[in-house]
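Starting off with a structure, shown below.
Chain naming follows the written order as A, B, C and D, and within any one chain the residues start at number 1.
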Amino acid sequence: MPRASHTLLEEVMFFDTDIGGVIHNLAYLRMIEKARTLLCVETMDMDLTAMADTGIYPVLLRTEADYRRPGTLGDTLRVTSTLDRLEKVKFWICSEVRRQSDDTLLVSCQQSLALIKMPEARPTRLPKSWVEKWS
Amino acid sequence: MPRASHTLLEEVMFFDTDIGGVIHNLAYLRMIEKARTLLCVETMDMDLTAMADTGIYPVLLRTEADYRRPGTLGDTLRVTSTLDRLEKVKFWICSEVRRQSDDTLLVSCQQSLALIKMPEARPTRLPKSWVEKWS
Amino acid sequence: MPRASHTLLEEVMFFDTDIGGVIHNLAYLRMIEKARTLLCVETMDMDLTAMADTGIYPVLLRTEADYRRPGTLGDTLRVTSTLDRLEKVKFWICSEVRRQSDDTLLVSCQQSLALIKMPEARPTRLPKSWVEKWS
Amino acid sequence: MPRASHTLLEEVMFFDTDIGGVIHNLAYLRMIEKARTLLCVETMDMDLTAMADTGIYPVLLRTEADYRRPGTLGDTLRVTSTLDRLEKVKFWICSEVRRQSDDTLLVSCQQSLALIKMPEARPTRLPKSWVEKWS
(Lines give C-alpha, C1' and ligand atoms only; values in the text may rest on other atoms or scores of the structure.)
Protein backbone atom coordinates (compact mmCIF):
# COMPACT_ATOMS: atom_id res chain seq x y z
CA MET A 1 0.00 0.00 0.00
CA PRO A 2 1.38 3.43 -0.89
CA ARG A 3 2.17 5.64 2.07
CA ALA A 4 0.62 9.07 2.53
CA SER A 5 3.04 11.65 1.12
CA HIS A 6 3.19 15.28 0.04
CA THR A 7 5.81 17.12 -2.03
CA LEU A 8 6.27 20.84 -2.52
CA LEU A 9 8.79 22.96 -4.39
CA GLU A 10 10.31 25.97 -2.63
CA GLU A 11 12.41 28.72 -4.18
CA VAL A 12 15.16 29.77 -1.76
CA MET A 13 14.64 33.38 -0.66
CA PHE A 14 17.03 35.88 0.97
CA PHE A 15 15.39 35.34 4.36
CA ASP A 16 16.21 31.61 4.06
CA THR A 17 19.96 32.32 3.90
CA ASP A 18 22.50 33.70 6.34
CA ILE A 19 25.84 35.51 6.20
CA GLY A 20 27.63 32.17 5.71
CA GLY A 21 26.14 32.18 2.20
CA VAL A 22 23.94 29.11 2.72
CA ILE A 23 20.42 28.25 3.85
CA HIS A 24 19.90 28.70 7.59
CA ASN A 25 18.95 25.57 9.57
CA LEU A 26 15.64 27.06 10.77
CA ALA A 27 14.52 27.79 7.21
CA TYR A 28 14.62 24.08 6.32
CA LEU A 29 12.44 23.26 9.33
CA ARG A 30 9.95 25.94 8.28
CA MET A 31 9.74 24.39 4.80
CA ILE A 32 9.39 20.90 6.29
CA GLU A 33 6.55 22.13 8.52
CA LYS A 34 4.79 23.37 5.41
CA ALA A 35 5.13 20.04 3.59
CA ARG A 36 4.10 18.16 6.75
CA THR A 37 1.04 20.34 7.31
CA LEU A 38 -0.06 20.06 3.69
CA LEU A 39 0.34 16.27 3.98
CA CYS A 40 -2.01 16.34 6.99
CA VAL A 41 -4.49 18.63 5.21
CA GLU A 42 -4.56 17.26 1.69
CA THR A 43 -3.99 13.55 2.21
CA MET A 44 -5.00 12.87 5.81
CA ASP A 45 -8.09 15.14 5.83
CA MET A 46 -6.99 17.35 8.70
CA ASP A 47 -9.21 20.47 8.73
CA LEU A 48 -7.23 23.59 9.69
CA THR A 49 -10.31 25.80 9.75
CA ALA A 50 -12.12 23.55 12.24
CA MET A 51 -9.28 23.69 14.79
CA ALA A 52 -10.27 27.03 16.29
CA ASP A 53 -13.62 25.38 17.18
CA THR A 54 -12.49 21.92 18.27
CA GLY A 55 -9.35 23.19 20.02
CA ILE A 56 -7.54 20.07 18.81
CA TYR A 57 -4.18 20.91 17.24
CA PRO A 58 -1.32 18.80 15.87
CA VAL A 59 1.62 19.34 18.22
CA LEU A 60 5.23 18.48 17.55
CA LEU A 61 6.74 16.17 20.18
CA ARG A 62 10.19 15.48 18.75
CA THR A 63 12.40 16.57 15.85
CA GLU A 64 15.51 14.80 14.58
CA ALA A 65 17.13 16.66 11.70
CA ASP A 66 20.36 15.92 9.86
CA TYR A 67 21.87 18.74 7.83
CA ARG A 68 23.85 16.95 5.13
CA ARG A 69 24.71 19.40 2.36
CA PRO A 70 24.27 23.18 2.11
CA GLY A 71 21.73 24.76 -0.22
CA THR A 72 21.84 28.40 -1.24
CA LEU A 73 20.04 31.34 -2.84
CA GLY A 74 18.71 30.52 -6.31
CA ASP A 75 18.19 26.83 -5.56
CA THR A 76 14.80 25.24 -5.99
CA LEU A 77 14.18 22.76 -3.19
CA ARG A 78 11.94 19.69 -3.32
CA VAL A 79 10.50 19.00 0.13
CA THR A 80 8.72 15.68 0.69
CA SER A 81 6.92 14.62 3.86
CA THR A 82 5.74 11.03 4.31
CA LEU A 83 3.61 9.49 7.06
CA ASP A 84 5.87 6.85 8.54
CA ARG A 85 3.81 5.13 11.25
CA LEU A 86 1.03 5.61 13.80
CA GLU A 87 0.41 4.52 17.39
CA LYS A 88 -2.61 5.28 19.56
CA VAL A 89 -1.77 8.92 20.13
CA LYS A 90 1.51 9.53 18.28
CA PHE A 91 2.35 9.59 14.60
CA TRP A 92 5.71 9.92 12.85
CA ILE A 93 6.42 11.90 9.69
CA CYS A 94 9.69 11.64 7.74
CA SER A 95 10.78 14.52 5.54
CA GLU A 96 13.52 15.13 3.01
CA VAL A 97 14.77 18.32 1.40
CA ARG A 98 16.51 17.84 -1.93
CA ARG A 99 18.00 20.28 -4.43
CA GLN A 100 15.74 20.00 -7.45
CA SER A 101 18.47 20.47 -10.08
CA ASP A 102 20.59 17.43 -9.15
CA ASP A 103 18.52 15.58 -6.53
CA THR A 104 21.16 16.09 -3.81
CA LEU A 105 19.82 15.31 -0.34
CA LEU A 106 20.32 18.41 1.82
CA VAL A 107 18.32 17.61 4.96
CA SER A 108 16.57 14.54 6.32
CA CYS A 109 14.21 14.79 9.26
CA GLN A 110 12.00 12.60 11.44
CA GLN A 111 9.32 14.09 13.63
CA SER A 112 6.70 12.69 15.97
CA LEU A 113 3.43 14.48 16.64
CA ALA A 114 0.21 14.09 18.59
CA LEU A 115 -3.25 15.64 18.40
CA ILE A 116 -3.57 17.74 21.52
CA LYS A 117 -6.72 19.31 22.98
CA MET A 118 -5.95 22.93 23.90
CA PRO A 119 -5.79 24.76 26.22
CA GLU A 120 -5.68 21.82 28.66
CA ALA A 121 -2.86 20.17 26.65
CA ARG A 122 -4.53 16.75 26.73
CA PRO A 123 -3.50 14.16 24.06
CA THR A 124 -6.38 12.65 22.08
CA ARG A 125 -6.60 9.32 20.22
CA LEU A 126 -5.73 9.47 16.54
CA PRO A 127 -8.79 9.34 14.23
CA LYS A 128 -10.08 5.83 13.56
CA SER A 129 -9.92 6.55 9.82
CA TRP A 130 -6.17 7.18 10.08
CA VAL A 131 -5.56 3.98 11.99
CA GLU A 132 -7.61 1.92 9.51
CA LYS A 133 -6.01 3.47 6.47
CA TRP A 134 -2.41 4.08 7.45
CA SER A 135 -1.31 1.81 10.31
CA MET B 1 6.52 65.21 30.83
CA PRO B 2 8.78 62.34 29.79
CA ARG B 3 7.34 60.02 27.18
CA ALA B 4 6.92 56.28 27.75
CA SER B 5 9.96 54.52 26.32
CA HIS B 6 11.74 51.16 26.39
CA THR B 7 15.25 50.23 25.24
CA LEU B 8 16.75 46.79 24.72
CA LEU B 9 20.11 45.53 23.49
CA GLU B 10 20.19 42.77 20.89
CA GLU B 11 23.20 40.77 19.76
CA VAL B 12 22.97 40.09 16.03
CA MET B 13 22.60 36.35 15.38
CA PHE B 14 23.15 34.28 12.22
CA PHE B 15 19.39 34.02 11.65
CA ASP B 16 19.24 37.85 11.61
CA THR B 17 21.57 38.03 8.58
CA ASP B 18 21.29 36.99 4.94
CA ILE B 19 23.61 36.01 2.11
CA GLY B 20 24.25 39.70 1.35
CA GLY B 21 26.27 39.77 4.58
CA VAL B 22 23.95 42.18 6.41
CA ILE B 23 20.93 42.08 8.72
CA HIS B 24 17.72 41.09 6.92
CA ASN B 25 14.91 43.66 6.94
CA LEU B 26 12.48 41.33 8.75
CA ALA B 27 14.92 40.80 11.62
CA TYR B 28 14.85 44.50 12.50
CA LEU B 29 11.05 44.44 12.62
CA ARG B 30 11.14 41.42 14.93
CA MET B 31 13.50 43.28 17.29
CA ILE B 32 11.31 46.39 17.11
CA GLU B 33 8.26 44.30 17.98
CA LYS B 34 10.10 43.07 21.05
CA ALA B 35 11.00 46.58 22.22
CA ARG B 36 7.45 47.79 21.44
CA THR B 37 5.84 44.92 23.35
CA LEU B 38 8.11 45.38 26.36
CA LEU B 39 7.23 49.09 26.31
CA CYS B 40 3.54 48.13 26.48
CA VAL B 41 4.15 45.57 29.23
CA GLU B 42 6.64 47.29 31.47
CA THR B 43 5.70 50.95 31.16
CA MET B 44 2.08 50.95 29.98
CA ASP B 45 0.89 48.06 32.19
CA MET B 46 -0.33 45.82 29.38
CA ASP B 47 -0.84 42.31 30.80
CA LEU B 48 0.17 39.62 28.28
CA THR B 49 -1.05 36.77 30.44
CA ALA B 50 -4.55 38.24 30.76
CA MET B 51 -5.06 38.46 26.99
CA ALA B 52 -6.06 34.84 26.54
CA ASP B 53 -8.96 35.56 28.92
CA THR B 54 -10.01 39.03 27.78
CA GLY B 55 -9.45 38.31 24.09
CA ILE B 56 -8.18 41.87 23.69
CA TYR B 57 -4.90 42.00 21.78
CA PRO B 58 -2.71 44.85 20.51
CA VAL B 59 -2.90 44.71 16.72
CA LEU B 60 -0.59 46.46 14.28
CA LEU B 61 -2.43 48.72 11.82
CA ARG B 62 0.44 50.34 9.92
CA THR B 63 4.22 50.12 9.68
CA GLU B 64 6.54 52.69 8.12
CA ALA B 65 10.17 51.60 8.25
CA ASP B 66 13.24 53.27 6.78
CA TYR B 67 16.34 51.13 6.39
CA ARG B 68 19.19 53.64 6.56
CA ARG B 69 22.47 51.79 7.17
CA PRO B 70 23.29 48.07 7.21
CA GLY B 71 24.14 46.22 10.41
CA THR B 72 25.86 42.84 10.48
CA LEU B 73 26.85 39.79 12.52
CA GLY B 74 28.76 40.70 15.67
CA ASP B 75 27.01 44.06 16.11
CA THR B 76 25.16 44.89 19.30
CA LEU B 77 22.00 46.81 18.48
CA ARG B 78 20.19 49.28 20.73
CA VAL B 79 16.48 49.21 20.00
CA THR B 80 14.30 51.95 21.50
CA SER B 81 10.51 52.19 21.26
CA THR B 82 8.70 55.34 22.37
CA LEU B 83 4.98 56.01 22.70
CA ASP B 84 4.40 58.91 20.34
CA ARG B 85 0.70 59.78 20.65
CA LEU B 86 -2.75 58.37 21.37
CA GLU B 87 -6.23 58.85 19.93
CA LYS B 88 -9.47 57.20 21.02
CA VAL B 89 -8.64 53.79 19.58
CA LYS B 90 -5.21 54.17 17.93
CA PHE B 91 -1.78 54.73 19.36
CA TRP B 92 1.53 55.39 17.62
CA ILE B 93 4.92 54.02 18.63
CA CYS B 94 8.21 55.24 17.14
CA SER B 95 11.23 52.97 17.19
CA GLU B 96 14.90 53.29 16.35
CA VAL B 97 17.60 50.69 15.88
CA ARG B 98 21.15 51.95 16.45
CA ARG B 99 24.53 50.21 16.40
CA GLN B 100 25.68 50.33 20.00
CA SER B 101 29.38 50.80 19.24
CA ASP B 102 29.08 54.11 17.36
CA ASP B 103 25.41 55.14 17.74
CA THR B 104 24.77 54.92 13.98
CA LEU B 105 21.06 54.96 13.16
CA LEU B 106 20.29 51.80 11.15
CA VAL B 107 16.49 51.76 11.04
CA SER B 108 13.73 54.17 12.04
CA CYS B 109 10.14 53.03 12.22
CA GLN B 110 6.68 54.40 13.01
CA GLN B 111 3.80 52.09 13.76
CA SER B 112 0.15 52.57 14.68
CA LEU B 113 -1.74 50.00 16.72
CA ALA B 114 -5.15 49.44 18.28
CA LEU B 115 -6.52 47.17 20.99
CA ILE B 116 -8.74 44.68 19.18
CA LYS B 117 -11.28 42.28 20.71
CA MET B 118 -10.79 38.83 19.13
CA PRO B 119 -12.16 36.85 17.43
CA GLU B 120 -14.73 39.42 16.31
CA ALA B 121 -11.94 41.89 15.39
CA ARG B 122 -13.70 44.83 17.08
CA PRO B 123 -11.57 47.86 18.10
CA THR B 124 -11.89 48.91 21.75
CA ARG B 125 -11.26 52.29 23.39
CA LEU B 126 -7.78 52.80 24.80
CA PRO B 127 -7.59 52.51 28.61
CA LYS B 128 -8.55 55.69 30.47
CA SER B 129 -5.29 55.47 32.40
CA TRP B 130 -3.29 55.66 29.13
CA VAL B 131 -5.24 58.67 27.93
CA GLU B 132 -4.82 60.50 31.24
CA LYS B 133 -1.16 59.75 31.53
CA TRP B 134 0.15 59.85 27.99
CA SER B 135 -2.07 61.95 25.72
CA MET C 1 1.83 48.95 -21.47
CA PRO C 2 1.22 46.26 -18.83
CA ARG C 3 3.26 46.62 -15.67
CA ALA C 4 5.60 43.90 -14.43
CA SER C 5 3.71 41.81 -11.89
CA HIS C 6 3.91 38.48 -10.06
CA THR C 7 1.24 36.59 -8.12
CA LEU C 8 1.65 33.64 -5.78
CA LEU C 9 -0.74 31.64 -3.63
CA GLU C 10 0.22 30.90 -0.02
CA GLU C 11 -1.51 28.50 2.36
CA VAL C 12 -1.48 29.95 5.88
CA MET C 13 0.62 27.79 8.19
CA PHE C 14 0.74 27.57 12.00
CA PHE C 15 3.98 29.58 12.08
CA ASP C 16 2.16 32.40 10.23
CA THR C 17 -0.34 32.82 13.07
CA ASP C 18 -0.09 33.99 16.68
CA ILE C 19 -1.99 33.50 19.93
CA GLY C 20 -4.48 36.18 18.88
CA GLY C 21 -5.79 33.64 16.36
CA VAL C 22 -4.78 35.64 13.27
CA ILE C 23 -1.84 35.95 10.90
CA HIS C 24 1.14 37.75 12.45
CA ASN C 25 2.24 41.00 10.80
CA LEU C 26 5.74 39.70 10.03
CA ALA C 27 4.35 36.68 8.17
CA TYR C 28 2.66 38.93 5.60
CA LEU C 29 5.93 40.75 4.96
CA ARG C 30 7.73 37.43 4.46
CA MET C 31 5.13 36.41 1.87
CA ILE C 32 5.36 39.82 0.18
CA GLU C 33 9.16 39.45 0.01
CA LYS C 34 8.66 36.15 -1.78
CA ALA C 35 6.27 37.63 -4.35
CA ARG C 36 8.56 40.65 -4.78
CA THR C 37 11.66 38.51 -5.26
CA LEU C 38 9.94 36.22 -7.76
CA LEU C 39 8.78 39.34 -9.64
CA CYS C 40 12.43 40.44 -9.85
CA VAL C 41 13.62 36.97 -10.88
CA GLU C 42 10.94 35.83 -13.31
CA THR C 43 9.84 39.08 -14.94
CA MET C 44 12.75 41.48 -14.45
CA ASP C 45 15.53 38.95 -15.11
CA MET C 46 17.30 39.34 -11.79
CA ASP C 47 19.73 36.41 -11.37
CA LEU C 48 19.88 35.22 -7.75
CA THR C 49 22.68 32.76 -8.43
CA ALA C 50 24.96 35.43 -9.91
CA MET C 51 24.72 37.66 -6.83
CA ALA C 52 27.33 35.80 -4.81
CA ASP C 53 29.78 36.63 -7.65
CA THR C 54 28.76 40.19 -8.51
CA GLY C 55 28.11 41.17 -4.89
CA ILE C 56 25.18 43.28 -6.10
CA TYR C 57 22.04 42.65 -4.04
CA PRO C 58 18.56 44.18 -4.02
CA VAL C 59 18.24 46.03 -0.71
CA LEU C 60 15.05 47.28 0.88
CA LEU C 61 15.11 51.01 1.64
CA ARG C 62 11.58 51.65 2.90
CA THR C 63 8.43 49.67 3.75
CA GLU C 64 4.93 51.11 4.19
CA ALA C 65 2.42 48.42 5.14
CA ASP C 66 -1.25 48.77 6.04
CA TYR C 67 -2.85 45.85 7.86
CA ARG C 68 -6.52 46.12 6.91
CA ARG C 69 -8.28 42.85 7.75
CA PRO C 70 -7.09 39.76 9.63
CA GLY C 71 -6.42 36.45 7.90
CA THR C 72 -6.15 33.15 9.72
CA LEU C 73 -5.15 29.49 9.59
CA GLY C 74 -6.77 27.63 6.70
CA ASP C 75 -6.95 30.70 4.45
CA THR C 76 -5.33 30.66 1.04
CA LEU C 77 -3.73 34.04 0.35
CA ARG C 78 -3.13 35.61 -3.05
CA VAL C 79 -0.04 37.80 -2.92
CA THR C 80 0.63 40.12 -5.86
CA SER C 81 3.69 42.33 -6.32
CA THR C 82 3.80 44.95 -9.08
CA LEU C 83 6.67 47.16 -10.22
CA ASP C 84 5.34 50.66 -9.67
CA ARG C 85 8.09 53.01 -10.90
CA LEU C 86 11.85 53.41 -11.35
CA GLU C 87 14.36 56.21 -10.84
CA LYS C 88 18.11 56.13 -11.44
CA VAL C 89 18.92 53.99 -8.41
CA LYS C 90 15.59 53.34 -6.69
CA PHE C 91 12.58 51.30 -7.69
CA TRP C 92 9.17 50.94 -6.03
CA ILE C 93 7.16 47.75 -5.74
CA CYS C 94 3.51 47.68 -4.58
CA SER C 95 2.12 44.50 -3.08
CA GLU C 96 -1.29 43.28 -1.99
CA VAL C 97 -2.33 40.28 0.07
CA ARG C 98 -5.90 39.10 -0.53
CA ARG C 99 -7.90 36.20 0.85
CA GLN C 100 -8.43 33.95 -2.15
CA SER C 101 -11.93 32.76 -1.19
CA ASP C 102 -13.63 36.20 -1.21
CA ASP C 103 -10.95 38.58 -2.57
CA THR C 104 -10.85 40.59 0.70
CA LEU C 105 -7.83 42.90 0.85
CA LEU C 106 -5.87 42.02 4.00
CA VAL C 107 -2.63 43.96 3.56
CA SER C 108 -1.36 46.59 1.13
CA CYS C 109 2.28 47.52 1.00
CA GLN C 110 4.65 49.87 -0.83
CA GLN C 111 8.38 49.32 -0.77
CA SER C 112 11.38 51.05 -2.33
CA LEU C 113 14.57 49.19 -3.12
CA ALA C 114 17.98 49.77 -4.67
CA LEU C 115 20.68 47.54 -6.11
CA ILE C 116 23.58 47.75 -3.68
CA LYS C 117 27.18 46.60 -4.18
CA MET C 118 28.27 44.67 -1.09
CA PRO C 119 30.20 44.75 1.16
CA GLU C 120 30.91 48.45 0.51
CA ALA C 121 27.14 49.25 0.50
CA ARG C 122 27.41 51.40 -2.65
CA PRO C 123 24.21 51.98 -4.70
CA THR C 124 24.46 51.12 -8.39
CA ARG C 125 22.45 52.40 -11.36
CA LEU C 126 19.44 50.30 -12.30
CA PRO C 127 19.97 48.16 -15.43
CA LYS C 128 19.43 50.00 -18.71
CA SER C 129 17.04 47.25 -19.78
CA TRP C 130 14.79 47.97 -16.79
CA VAL C 131 14.75 51.68 -17.50
CA GLU C 132 13.92 51.15 -21.17
CA LYS C 133 11.23 48.62 -20.54
CA TRP C 134 9.57 49.74 -17.32
CA SER C 135 10.06 53.49 -16.71
CA MET D 1 36.06 20.84 35.80
CA PRO D 2 32.98 22.98 35.15
CA ARG D 3 31.61 22.74 31.66
CA ALA D 4 31.26 25.75 29.36
CA SER D 5 27.71 27.04 29.67
CA HIS D 6 25.57 30.08 28.86
CA THR D 7 22.12 31.07 30.12
CA LEU D 8 19.78 33.74 28.81
CA LEU D 9 16.28 34.89 29.75
CA GLU D 10 13.72 35.40 26.98
CA GLU D 11 10.31 37.05 27.30
CA VAL D 12 7.81 35.23 25.08
CA MET D 13 6.59 37.51 22.31
CA PHE D 14 3.53 37.30 20.04
CA PHE D 15 5.68 36.08 17.13
CA ASP D 16 6.83 33.17 19.33
CA THR D 17 3.25 31.85 19.65
CA ASP D 18 0.74 30.35 17.25
CA ILE D 19 -3.03 30.02 16.96
CA GLY D 20 -2.94 26.98 19.28
CA GLY D 21 -2.17 29.45 22.09
CA VAL D 22 1.33 28.11 22.81
CA ILE D 23 4.92 28.74 21.74
CA HIS D 24 5.67 27.50 18.24
CA ASN D 25 8.35 24.80 17.91
CA LEU D 26 10.57 26.95 15.68
CA ALA D 27 10.64 29.77 18.24
CA TYR D 28 12.32 27.51 20.80
CA LEU D 29 15.02 26.58 18.30
CA ARG D 30 15.65 30.25 17.53
CA MET D 31 16.10 30.95 21.27
CA ILE D 32 18.37 27.92 21.62
CA GLU D 33 20.49 29.15 18.70
CA LYS D 34 20.91 32.44 20.53
CA ALA D 35 22.03 30.77 23.77
CA ARG D 36 24.30 28.42 21.79
CA THR D 37 25.89 31.26 19.82
CA LEU D 38 26.46 33.37 22.93
CA LEU D 39 28.07 30.32 24.57
CA CYS D 40 30.47 30.11 21.60
CA VAL D 41 31.16 33.85 21.66
CA GLU D 42 31.41 34.63 25.35
CA THR D 43 32.87 31.45 26.78
CA MET D 44 34.59 29.71 23.86
CA ASP D 45 36.07 32.87 22.30
CA MET D 46 34.42 32.51 18.91
CA ASP D 47 34.73 35.85 17.05
CA LEU D 48 31.61 36.60 14.99
CA THR D 49 33.12 39.70 13.42
CA ALA D 50 36.14 37.81 12.10
CA MET D 51 34.05 35.22 10.26
CA ALA D 52 33.40 37.37 7.21
CA ASP D 53 37.22 37.45 6.75
CA THR D 54 38.17 33.90 7.66
CA GLY D 55 35.12 32.36 5.97
CA ILE D 56 34.98 29.81 8.80
CA TYR D 57 31.47 29.46 10.22
CA PRO D 58 29.90 27.19 12.85
CA VAL D 59 27.48 24.94 10.97
CA LEU D 60 24.75 22.82 12.50
CA LEU D 61 25.02 19.13 11.57
CA ARG D 62 22.23 17.58 13.63
CA THR D 63 19.38 18.64 15.91
CA GLU D 64 17.45 16.43 18.33
CA ALA D 65 14.73 18.34 20.14
CA ASP D 66 12.07 17.07 22.55
CA TYR D 67 9.08 19.30 23.15
CA ARG D 68 7.91 18.33 26.64
CA ARG D 69 5.54 21.00 27.97
CA PRO D 70 3.96 24.02 26.29
CA GLY D 71 4.98 27.58 27.14
CA THR D 72 2.91 30.60 26.24
CA LEU D 73 2.71 34.40 25.95
CA GLY D 74 3.75 36.17 29.16
CA ASP D 75 6.18 33.43 30.22
CA THR D 76 9.80 34.24 30.89
CA LEU D 77 12.00 31.42 29.58
CA ARG D 78 15.43 30.44 30.85
CA VAL D 79 17.51 29.01 28.02
CA THR D 80 20.77 27.27 28.89
CA SER D 81 23.30 25.88 26.42
CA THR D 82 26.18 23.71 27.60
CA LEU D 83 29.16 22.35 25.68
CA ASP D 84 28.79 18.60 26.01
CA ARG D 85 31.80 17.10 24.21
CA LEU D 86 34.29 17.61 21.39
CA GLU D 87 35.87 15.42 18.73
CA LYS D 88 38.38 16.40 16.05
CA VAL D 89 35.90 18.29 13.91
CA LYS D 90 32.55 17.98 15.69
CA PHE D 91 31.27 19.38 18.95
CA TRP D 92 27.98 18.77 20.79
CA ILE D 93 25.94 21.35 22.65
CA CYS D 94 23.02 20.47 24.92
CA SER D 95 20.32 23.04 25.57
CA GLU D 96 17.32 23.31 27.85
CA VAL D 97 14.40 25.73 27.87
CA ARG D 98 12.68 26.13 31.24
CA ARG D 99 9.82 28.32 32.41
CA GLN D 100 11.44 30.74 34.83
CA SER D 101 8.50 30.98 37.24
CA ASP D 102 8.39 27.29 38.23
CA ASP D 103 11.47 25.73 36.58
CA THR D 104 9.34 23.43 34.37
CA LEU D 105 11.38 21.87 31.56
CA LEU D 106 9.69 22.79 28.26
CA VAL D 107 12.26 21.70 25.65
CA SER D 108 15.49 19.73 25.72
CA CYS D 109 17.80 19.68 22.73
CA GLN D 110 21.08 18.16 21.60
CA GLN D 111 22.93 19.53 18.60
CA SER D 112 26.21 18.72 16.87
CA LEU D 113 28.16 21.33 14.95
CA ALA D 114 31.38 21.74 13.01
CA LEU D 115 33.51 24.68 11.93
CA ILE D 116 33.17 24.82 8.15
CA LYS D 117 35.27 26.82 5.68
CA MET D 118 32.90 28.57 3.26
CA PRO D 119 32.16 28.66 0.38
CA GLU D 120 33.90 25.32 -0.26
CA ALA D 121 32.06 23.70 2.69
CA ARG D 122 35.24 22.05 4.03
CA PRO D 123 35.29 21.00 7.73
CA THR D 124 38.23 22.34 9.75
CA ARG D 125 39.83 20.98 12.93
CA LEU D 126 38.48 22.44 16.16
CA PRO D 127 40.82 25.02 17.79
CA LYS D 128 43.60 23.52 19.90
CA SER D 129 42.54 25.77 22.78
CA TRP D 130 39.07 24.19 22.79
CA VAL D 131 40.45 20.68 22.79
CA GLU D 132 42.87 21.46 25.61
CA LYS D 133 40.32 23.22 27.72
CA TRP D 134 37.09 21.35 27.12
CA SER D 135 37.69 17.80 25.92
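The working rule: a residue touches a chain if its C-beta (ideal position, glycine included) is under 8 Å from a C-beta of that chain, and two chains touch if they have at least 3 such contacts.
These figures come from a predicted structure and were not determined experimentally.
> Pick out whichever of the two, A-D or A-C, is joined by more C-beta pairs in contact.
A-D
> Determine, using the mean of C-alpha atoms as each chain's centre, which chain is farthest from chain C.
D
> With residue numbering as the guide, point to the option in C-D, B-D or B-C that repeats A-B in over half of the contact pairs.
Duplicate interface of A-B: C-D.
> Return the distance between the CA-based centres of chain C and chain D, expressed in whole Å.
Each chain reduced to its C-alpha mean, chain C and chain D end up 32 Å apart.
> Just how far, in Å, is the C-alpha centre of chain D from the one of chain A?
22
> Express in whole angstrom the distance between the two chain centres, defined as the mean CA positions of chain A and chain C.
Taking the mean C-alpha position of each chain, the two centres sit 26 Å apart.
> Give the residues of chain C that touch two or more other chains, as numbers and ranges in rising order.
14-15, 19-22, 26, 30, 33, 51-52, 57, 72-73, 119 - these are the residues of chain C that touch more than one other chain.
> Can you tell me, using the touch rule above, whether these chains form a line, ring, star, complete graph or other shape?
It is complete, because no pair of chains fails to touch.
> Going by the contact rule at the top, pick out the chain B residues touching chain C in the complex.
Touching chain C: residues 19-22, 25-26, 29-30, 33, 51-52, 57, 59-67, 69-70, 116, 118-119, 121 of chain B.
> Touching residues of chain C toward chain D in the complex: what are they?
Going by the criterion above, the answer is residues 14-15, 17-22, 24, 26, 52, 72-73, 119.
> Show me the residue ranges of chain B that touch chain D in the complex, using the header's touch definition.
11-15, 21, 30, 33-34, 37-38, 41, 47-49, 51-52, 57, 72-74
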